[in-house]
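Quick one: this structure, given as structure tokens, is what I'll be asking you about.
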Amino acid sequence: MNGWNLAAAVLLGAGGTAALWGVTTGPPARRVIAQNMTTSAVCPALLLLSQGYGRPAYVDLALLLALLGPVGTLVFARLLSDDLSDGPPSARVLTWTAAGAGAAVVLAVCVAVGPGRALVKLLVTGALLIGGNIIASRALADGFQGVRGG
Amino acid sequence: MHVLPYLVAVHLFLTGCYGLATSRNLIHAVGCLAVCQSATYVLLLAVGYRDGGTAPVFSDIRPGSRPVVDPVVQALTLTDIVVGATVTALLLALVLQIAKRHGTVDPDELRELRG
Amino acid sequence: MADALIVVALLLVAASATAAVAQRDPARQALVLSFMGVLLAALFTVLQAPDVGLSQLAVGSALTPLLIMLSVRKVRRRGRARKEPE
Amino acid sequence: MRHLLPLLVALPLLGAALLVATGRRLPRVAVEITGFTVCGGTAALALVLLLNSAPPLTEWVGAWPPAGRESVGILVVGDGPALGMATLASLLTLAALAYSWRYFDAPPHGHTGAYTALMLVFQGAMCGFALAGDLFNAFVFFELMSVVAYALTGYRIDEAKAVQGALTFGIVNSLGAYALLMGIALLYARTGELAMARIGHGLDAAGPGGPDALVLASFVLVLTGLLVKAAAVPFHFWLPDAHAVAPTPVCMLLSGVMVELGAYGVWRVYGTVFAGPGGIPAADLTRALVTLGALTAVTGAVMCWYQRHIKRLLAYSTVAHTGLFLVGLGVLTPEADDGVALYLLGHAGVKAALFACAGALLDRFGSVDEHSLHGRGRPLRATGVMCAVGALGLAGLPPFGTALGKAVAEEAVGGPLTVVYVAASAITAGAVLRVTARVFLGLGPRPRDAEYETSGSHEEPETTGLLSRVPDTMTTVPAVLLAAALAMGVVPGFGALVARSVGPAGSGGAHWTAHGVLLGVASTALAVALAGLAVTRPDWTAAPGWAAPLRRLQSGHVGDYVAWLLVGTTVLGALALPGVLGS
Amino acid sequence: MNRLRLWLLAVGGAGLAALLVAACLDLPGFGGDRHPYGDRAVHASLLRHTANTVASVNFDQRAYDTLGEMSILFAAVLGCVVLLRQARDEHRAPPEPAGVARPVRRYALLVLPVALVTGLYVIAHGQLSPGGGFQGGVVAATALHLLYLGADYGALERVRPLGVYETTDALATGAYLVLGLAPVLAGTAFLANTLLPYGTFNTLSSGGTVPLLNAAIGMEVASAAVVLLAHFLDQAVEIEEEHGS
């Protein structure tokens, strides 16, 4: 077990447990935020795992999750807009914490990888992860007020 | 640790079955069926795992340099996931039609086919 | 020690499956199922099956929730349309 | 020749792809001719391969011949039973397509080819399942067969019963399929192989001391999947709900061959995987299959008798007959296998013909309800005659193919099980005769309605509006099917041919015996007597109190069916347990 | 809740649980070293110059299974087309345009091309790195639906000629079958990977017919997923029942 895997285990365990708790309890708005946080916890964990196993090929998983995770959250934001409109959730602190943690992980992995094609993929992943996370929170807060027809 | 993954698979299957049998909403029942199916993924991959192994993909490692896990179960699981997604879609389509024709998605209120 | 990762992922998957069955409302269940899909992908990664993890991500994180939520919306919309004329 | 085996799957699929790709532009006639040609071509290929199947053809798809004894490819087996089932499936699909010629309601807008394409995929899936020599490959085609069947069952989306039956069908069968896959995973863990024969070797090598809990669990799980398909009690609840509501041509396929493929799967998997010393001992399999089979036959027959929805009645008769097939397969003698093979072929023809007649009623009167149709079928003389003839075939009147198969199987199972055979076939045939007498002859008083039942009135016809006369295709097809069932018993040497195909070891062929003819005549007489009694004295044969709980079990609730499925696996495990404990 | 069902569930569940747990205890320990089929598959994959062994199993050694899997998807899409068709008593109502916050709209339009490229990348590298036709196809199809999430249904419908996707779905299925049938015409087995050169290990053109089959699957899955989602979207957004009927 190296440090990378240990960090991944901690991130997965703590983030996963917290997200599971959030996703199963409380009002709908909080659940959707927790669903969004799943991406923020698991995606960095996948990056750490790829480094820990010494397999650059595993980065594809993190890339795909960074891409599709926010899309999944947007689905809920769009189709649950009726339930969410009661209390627009605001999770600014949580969002920025998650974004910061994601950035830190991406940075650490980038430093370990060094310049090259793999670095580009990592940076794209990081940008998608952080951007998607913030946009998804934004969409939950005020993205789909009063969507009825489409 | 020797049997934990297998026991988790059993747990998933039985939990899904319990949900299916007691469900009050057909969309929920289809979700429970997906839980049942995830048992097969976990079982298959657990069967193919090898201690200290890595993925049998040789784009970034030299063949033979590290032990690899069983690729066959991974191919089987891939097929299984596709099957699961399509079956879910098809069953949801049927649920939509039930909602239209019966006006409910509660299996307790479907009283057309009896005896 | 690589086992610790597997144990964590397995336990989370088992817990989320239980939660998914226990959530009786389909929209809430869809949220848990999407969480479970991502966790399953993580489990497949630690079981050294990135190919399977990728397809689980592709299906579980966006496609299946979209299908379920669209069905929920259709059923609810019907319910509303029924009540309004009364 | 062996390279052509996978074409039985590939050709129908290619035809389906072609139909979907061009379906929007083609007129309906062109679509139906294409479907007919592809289906017929595949059937002809299956027949040619069947005639060349001694010695059995085997093919490693992907040209991976085994190096030493092991291969990484997929094995496809073309022996007599496999190609026989493939041929049966293909010919029956051909009959169903002929029956639905110009028959359906206008196809979905812009998807003229959809129905025909689905039927072709169904044909390919059934052929693929029959030919599979690899356990996972069998699962894949099992699932393909199920998926197409769900879609076809729910085809009439305007019909409330149809979509409900299709969903029940879908959930229960998918759960069975996942159980099957869990079983495959357990077998792979033990042996590290997927080809059925190699798994069998692996089990024998791993467990010289006999089976353990792992073998038992994999056996139970695999059999659960297959028996759900074969609709054995207590896995049978989905069948009446689905078969009663599917479009008639689809019913012909579901009842005629898909359910029987489940029984075939049990035979194939036990014979190649579990029959060795490391597998499940023969006594345990016999105990499990004969118990469940006899229960299935009795339950199916009783429930069949109390139906008024004609298609549902026929569906229960399929349940009863599958039970008889399972009993025959369970005794594990070559003679019984020959008998079941013949019985199955004859049953497919007769049952498909009966469904075709019920479909004619549905489209002519918009009802398949025995009570509301009372006497209204008089003008449909041809259909009525065919119904009666079909009922006699179901009872096993010599010289129908069913009678020959039933006689051979009865002789092989022997003893009290013969009673089950006679009773189940007589009761189901009696029910069909009763319907014929009431609907087509208007005999007897109109029966009273019961409380807990599914009525068949007010059904949507499957054609555009009600038909004023039954078209020729809808009378020709059942006539041809009945003639085929008759020919199986009459053509000299057919029984011997089937016996040779089933196993080279063989029983020396299936022949008529005085004993068999006598039993066949007896069950026919019993059927006629029952029908006569029911028509003249409806109160004597109305549902008694003890049958009510049995009928209540068929609640139409998918949760109940899932619970029963779990109970079924437990029962199956308990029935096969002694062999594991004893070793 | 029905009492009988709970009893049945308890009995059946307990029995099955006991059986399965007993079986688990007899299974070879987790992480064992005996995988005969797996080892042979790795060997065979390297012989045919396919770097991703899973792709080799899927598209070469057990390509016949993938044919079945593809047919399941094909049949399910066809089934959904049939089941979710517009019934006689329904009509279409064009949905009102939805209001979406500007950042979300910008994000969707920005990510859409990225997702499409990622999907194509995952498909193209299928025989080398993790991924393949199925994974990439789903990603590409999901990408298109960002238009629905980021804008509205009308925008999606404008870039989605459904007939084209349905035809592509069928043609890709046909292409897979034709690729399988070609070796039969050449006198060898169905789906044999013996006609094309195996190429250089770990390059895009390695593996004989593997990249071609992979591409066919990618096309099939992408168009199938689009068609599937289209019918669900139609139901959820456009199709309405006639009131008072």
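Couple of notes before you dig in:
The first chain written gets the first letter, and so on, giving A, B, C, D and E; residue counts start at 1 in each chain.
Quick note on the criterion: a residue touches a chain if its C-beta (ideal position, glycine included) is under 8 Å from a C-beta of that chain, and two chains touch if they have at least 3 such contacts.
In this text the structure is predicted, and so the values were computed from the model without any measurement.
Shared contact partners of chain C and chain E, listed by label: A, B. Distance from each chain's C-alpha mean to the overall C-alpha mean is smallest for B.
Chain centre most remote from that of chain D: A (centre = mean of CA atoms).
Chains joined by the most contact pairs: D-E.
Mean C-alpha positions place chain B and chain C at a centre distance of 11 Å. Between the Cα centres of chain A and chain E there is a gap of 24 Å. Per-chain CA centroids place chain C at a distance of 36 Å from chain D.
Note on chain placement: the centre of chain A and the centre of chain C lie 15 Å apart, centres being C-alpha means. Residues of chain A in contact with at least two other chains: 53, 55, 57-58, 60-61, 64, 68, 71, 75.
Counting only residues that touch two or more partner chains, chain D has 136, 140, 143, 147, 150-151, 154, 157-158, 163, 186, 188-189, 194, 557, 559-560, 563, 565-566.
Residue positions of chain B touching 2 or more other chains, listed in rising order: 1, 4-5, 13, 17-18, 21-23, 30, 46-49, 54-55, 57, 59-60, 68-69, 72-74, 76, 78-79, 82-83, 86-87, 89-90, 92, 94-97, 100. Which chains touch which is summed up as A-B, A-C, A-E, B-C, B-D, B-E, C-E, D-E. For chain A in complex with chain B, the touching residues are 53-58.
Per the touch definition, chain C reaches chain E in the complex via residues 50-51, 53-55, 57-59, 62-63, 66-67, 70-71, 73-74, 77-78, 81, 85.
Taken in their complex, chain A has these residues touching chain E: 57-58, 60-61, 63-64, 67-68, 70-71, 74-75, 78, 124, 128, 131-132, 135, 138-139, 142-150.
Across the complex, chain C meets chain B through its residues 2-3, 6-7, 10-11, 13-14, 17-18, 20-26, 29-30, 33, 36, 40, 43-44, 47-52, 55-56, 59, 63-64, 67-68, 71-72, 74-75, 78, 82.
The residues of chain E lying in touch with chain B in their complex are 1, 5-6, 9, 13, 16-17, 20-21, 24-25, 27, 29-33, 35, 37-38, 41-42, 45-46, 51-54, 56-58, 62, 65-66, 68-69, 72-73, 76-77, 79-80, 83-84, 87, 125, 128-130, 134, 201-202, 228, 231-232, 235, 241.
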